[in-house]
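Quick heads-up: structures coming right below.
Presented sequentially are two complexes of subunit A, the first with subunit B as partner and the second with subunit C.
Moving on, here comes the complex of A and B:
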């Protein structure tokens, strides 16, 4: 039985190795084979995950667990990796970057994410984190010869190491305080009060939050985000802002879910403050960005702030609202990056916000989808973004965080400015310079799927939210 | 009974077809579509009427629910029609008179450029009015109530490029808004009291709930009456109706005489069960009615505009109807509503015919000697005038005397109500025959080439003239078909002794004859007399001519301060504070954005420092939490 548990991770890694070897050993490699093999591996992984649905299982004392929570996240990681690979393909070709390493690194990173979501052991979370981060660092400077990329990669690497050291320190404190690094056992130790040091435990939680907060770009640990998002190749930015961020949230939600009930009074205020400064700074600074990738980086910071709102109280509704919001965000963000990727000619990219001027007249398909994704990110009905915010704010109000919701709503208004500016430029402005666009089916098909999903979840959100409510929470405890 | 839906649907359909495709349809076809939709509607109504008559008296009530309209939690409102003798009679009147006026409109509006727009509005009005009278709950009633108000607004301002017409439309809308405000409050209070808006639920609970709580009954009924005062142009909200004459004349006939303005009377008759628990409201209705009747008639005696005189006459006659329902003579009120619909529509259409003949002239001082040129208009108008004056044998005679006799018997100030009613009757016959004598007698004025209207306009006149005579015989004192038909709807109506009825009849006949004689003496025998009287009571004359200066007073008290407040908010408050606040906030956020952006220096050492400081603050917070 337990071999099935590892199948999603195992297949991801295996596929990565196959792609690597295939590219290295075969002569006259057809590039689309690489893509095909990777996607096939991802699909098989997803199928294995689906088999495990509603079959909670724990391996080696919580070292590796499989429950509905981890499965939902694994599927989301795999799907976002698949979409990133699809939209990367024409980009890689045009930049002469189409090597097996790219696919392998993304698949390894995906395996790291799955580890982060499928364990109760802090050490394994750390390993997953590193397995995710190291490929990302390489991918950030994958486009050789661009100073910007190299700079970003170095910053990313050093700051990651820096924040990881905090995380490790947190694990050490946790072990010192409770004698275990398994969060389920931490909770048990807390309930019996035997041999635990509460103060050290608090410090440990603070350090863990810092380490993961770095990953999900909580202010002030967001500081790497704009530069790295800006410097990385655009598909990698998409990957970092969706799958990688989601992995950080998966680990954070799981840790907080276990530890929160024991010490929650001390943490609520922290999260309120972090939530407010994260969304406010993200949104306000996004307004003055001129580069679309930087703008989306700040937008992604702000969205983390929204989700933090509900991570102070755990109930089926909060977990469902948070995950639904994350899904909605990922869909719209992947879509937005997909469109950013199309504004290029060969290896020259057009990344200024003003490059969107007059897109509607030139390419109504791209402009229309961009508008849908921008509406969704801004939270305008009938897109999914609206329903995501609706559930999130609803849960927050129900738990007594009305003030937080008011701040959130004000932020939504601020955010609307920079999202709708894109729509405004596309539809109301004349083209200022000749911006070419390259659309291939590899981008078009994911865009259509993401666009439909954005509207679909905006109109029929209740069934999926109800599914999350009933299935995620119960199994999370294990 | 399902066919009742088509009574409403057909005019809606007609309105949509004519309104949307009017541009591509020939005028003649537009006329046919519009008339047919109302005509078939009338035939169905007549068919239903016959069906109802053949049923036993206690089985003549239906609540036909078509679908759930507003299901919100416990608040459930159906889309349903309430069919009983009262609503059947109302739809018969509405569709019948509407059909005749539609026919007339084809001739009257022939030269009109926006022919299709006119008929689209007119059909929509008929549908709304039918919805109003057929509704089986207060919300649907309110919807119909507002929809007729909208159509009235659209049709008063039909020639909106004329400033006076556009202003008149606005005035009607705003004044009605005031009444509707009360009406809506009344409906909300009904829901609060009865937890339902359905007629049958409200009326069946009314005796239980209101018996012990007179205050609520009074509040509800007074608020409802406020709506009626607006819609039916009673003191103090009557001011819009004379101005509403800016609309096309058939519109005045249909909406501002025969149907819409009587909605208030219908509504009080419909909710009479509530009124029975509120004697104060009943007195209020009766008094407002009779005072309005007298007041408007007095203004009518000195005005010069034919249509305005008839408009004041409408206000005055509506006052009579309110007097009727106010003294619990509901069937008498509805009876007068019906006969009034006939003769007042007739008078308006005759006025329209005169205007048609004299290129739109409505000023009495410029019209005279038309009898020879407009024979049909003359005779039909005389019949209308006689009916309005309550001349024996005409429809108005029976219905008006029915009301006055009931007023005489009223438990509160009966003699006063009756006396004022009689005096008003004299004024009524005076002002209407003043028109007849001035317009049709004497010499033709120079420059006019009057001509009789075409058949399409005279036939409706003749139909209405016939109705203005025979319409009253359904209420003959001894047979009294209409009372027997309507009485199951109304719980109790006081019985009249025939001696009193005869007595009041005789007195009112003498008074109305006196009015006619006075008019004859003033304008035929001794035409210089009015001038002498004018000089002797110049103050009173000016007061009446200027309509008691009510418009001017309202202008000073309500309109000018309102405009001042509005211009303050639009010119000063909005531009300076609202826009200013919005713009300043935007600027402020942008400035902040530029400032905060500077945190991102690009130097790794700064980034490490920021993370370190952030981490220290975070951990510091956790450490302070250690107890």
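Moving on, here comes the complex of A and C:
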């Protein structure tokens, strides 16, 4: 009976193993079989998650919980991995990288993300974090023979292990302060033996936020982001900036939700400062970037800053707004990276911003979709990005963070400059050099879906936000 | 009997030594070793807290932490080996292609 609860994560691990064995043992492996098996696994996993909707359950003292919050995130992780697998298929073929390991590692990383979102136990969050990070490190240097892919991998590896040891030290202090690593029991444990343990508790929360802040690239811990996003293969960059980042947010939201009541407002100011510097620095540095992947890296830093705005107050509205914003962000980001992927010929990629010049004349389909995704990231109606920012700022004003919202609005204006520059280059400039574009149905279909989703959530956002408000929050508290 | 507090202080000192190693040394292998020192400092903290609170589960967490550390070393060393094949260098300052 219990096995049903583990099905989403179990199936993604199992599919990964099957893909590995299939590639290793079968003679005459057709490469699309690997893609098909992985996608089938992901679809079954999503269906199992859908079955578990509205059946909140906690297993082994909160080590594995399955509530609406975790299911929403699991489905998002699985969908983003599916899209990443689809858009990377032609890329892998052209670079002779189409091995079973690629699919298996993405599926293992997805399992790690699901663990991070569906547990109350800090040790399990740590294990999920590592299960996510190690496959990502290997995937970063998957394209052998390129100088900077190894460099990106070692930078990513050293800094992520460094930061996760901070996270682990935070868990040790939490254990020392309260005698438990279950975040749902922390508040109760703290009230029973007060006094000596409170400083430990503060140290612990600081270290935990540091560890997760690295994953979601909050500003003092963001240094790895542009280098690693630049050096990794483009589909992996798409994966890192969507699924992996979302996993960090899932764990952060859950930890803060349970721990904030214990330490009251000691952290509110910290979060306000972090939010302001994260979005400002991300947006200002993004302006001067020449490489599209670096630009999107800084833009993803800035988007983390926007979400941090509301993570100091927890109510149904704030959690719903944060999750809606994250969904909108990953849709637009996956789409933008999908289009970056199409500007290449065989294994040569064209990653300069100027390579987008005159794209509209050559390939109106790509240019149109890129414009939609850029509008969404910039927050221009009628795309989903506008509604995401609207809900976020609305919630922040209602909770009295007016100054934060003003900073956020100024930042939106700064951000519009570099997003709209791409649109300007595509539609107003003449082509400077001959940039080829290879577009296959594996990229075309996800792009169409993502584009439709961007416009759909921009026009009809209220139904999904209302759904989050009513279903998500109630079961978060088991 | 050595008081448990001293173990905690030792663990903190080891952790800070590890941070210093990662931040100030240039050799990638030494950086990796410093990270191992940090992880072992955490293990020491877990064990001493578990002794302090009389809760044996703290020692179980150490097993998880050791397993993860082993997996990390496998991935890290294999990347370092492939870098060494390419660059003939272990110096973090030589990793300077990506910037901007």
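Note that the second predicted complex is superposed on the first by the 472 of 478 C-alpha atoms of A that agree within 3 Å, B and C clash if a C-alpha of one lies under 4 Å from a C-alpha of the other, contacts with A are read in each partner's own complex, and residues count from 1 in each chain.
We take it that a residue touches a chain if its C-beta (ideal position, glycine included) is under 8 Å from a C-beta of that chain, and two chains touch if they have at least 3 such contacts.
Computed from a predicted structure; not experimentally measured.
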Three-chain arrangement built on subunit A, subunit B and subunit C clash or fit: fit
Partner chain(s) touched by A:150 [first = subunit B, second = subunit C, both, neither]: second
Which of subunit B and subunit C A:290 touches, first, second, both or neither: second
Touching partner for A:220 - first (subunit B), second (subunit C), both, neither: first
Subunit B versus subunit C as contact partner of A:231, first or second or both or neither: second
Partner chain in contact with A:455 - subunit B first, subunit C second, else both or neither: neither
First (subunit B), second (subunit C), both or neither touched by A:210: first
First (subunit B), second (subunit C), both or neither touched by A:141: second
First (subunit B), second (subunit C), both or neither touched by A:179: second
Touched partner set for A:168, first subunit B, second subunit C, both or neither: second
Minimum C-alpha separation between subunit B and subunit C after superposing on chain A, in Å: 5
Where subunit A meets both subunit C and subunit B, residue numbers: 154-155, 158, 162, 226-227, 289
Residues on subunit C engaged by subunit A in the complex (per definition of touch): 8, 15, 18, 22, 28, 31-32, 35, 38-39, 41-42, 45-46, 49-50, 52-53, 55, 58, 61, 64-65, 68, 71-72, 75-76, 79-80, 82-83, 86, 95, 97-100
Residues of subunit A touching subunit B in the complex: 154-155, 158-159, 162-163, 166, 198-199, 202-203, 205-207, 209-210, 214, 219-221, 223-224, 226-227, 266, 269-270, 281, 284-289, 414, 417
Footprint of subunit A on subunit B - complex, ascending: 586, 589-590, 592-594, 596-597, 599-600, 602, 604, 607-608, 610-611, 613-615, 618-619, 621-623, 625-626
Subunit A to subunit C touching residues, read off their complex: 123, 126-127, 130, 134, 137-138, 141, 144, 147-148, 150-155, 157-158, 161-162, 165, 168-169, 171-173, 175-176, 179, 181, 226-227, 230-231, 289-291, 294
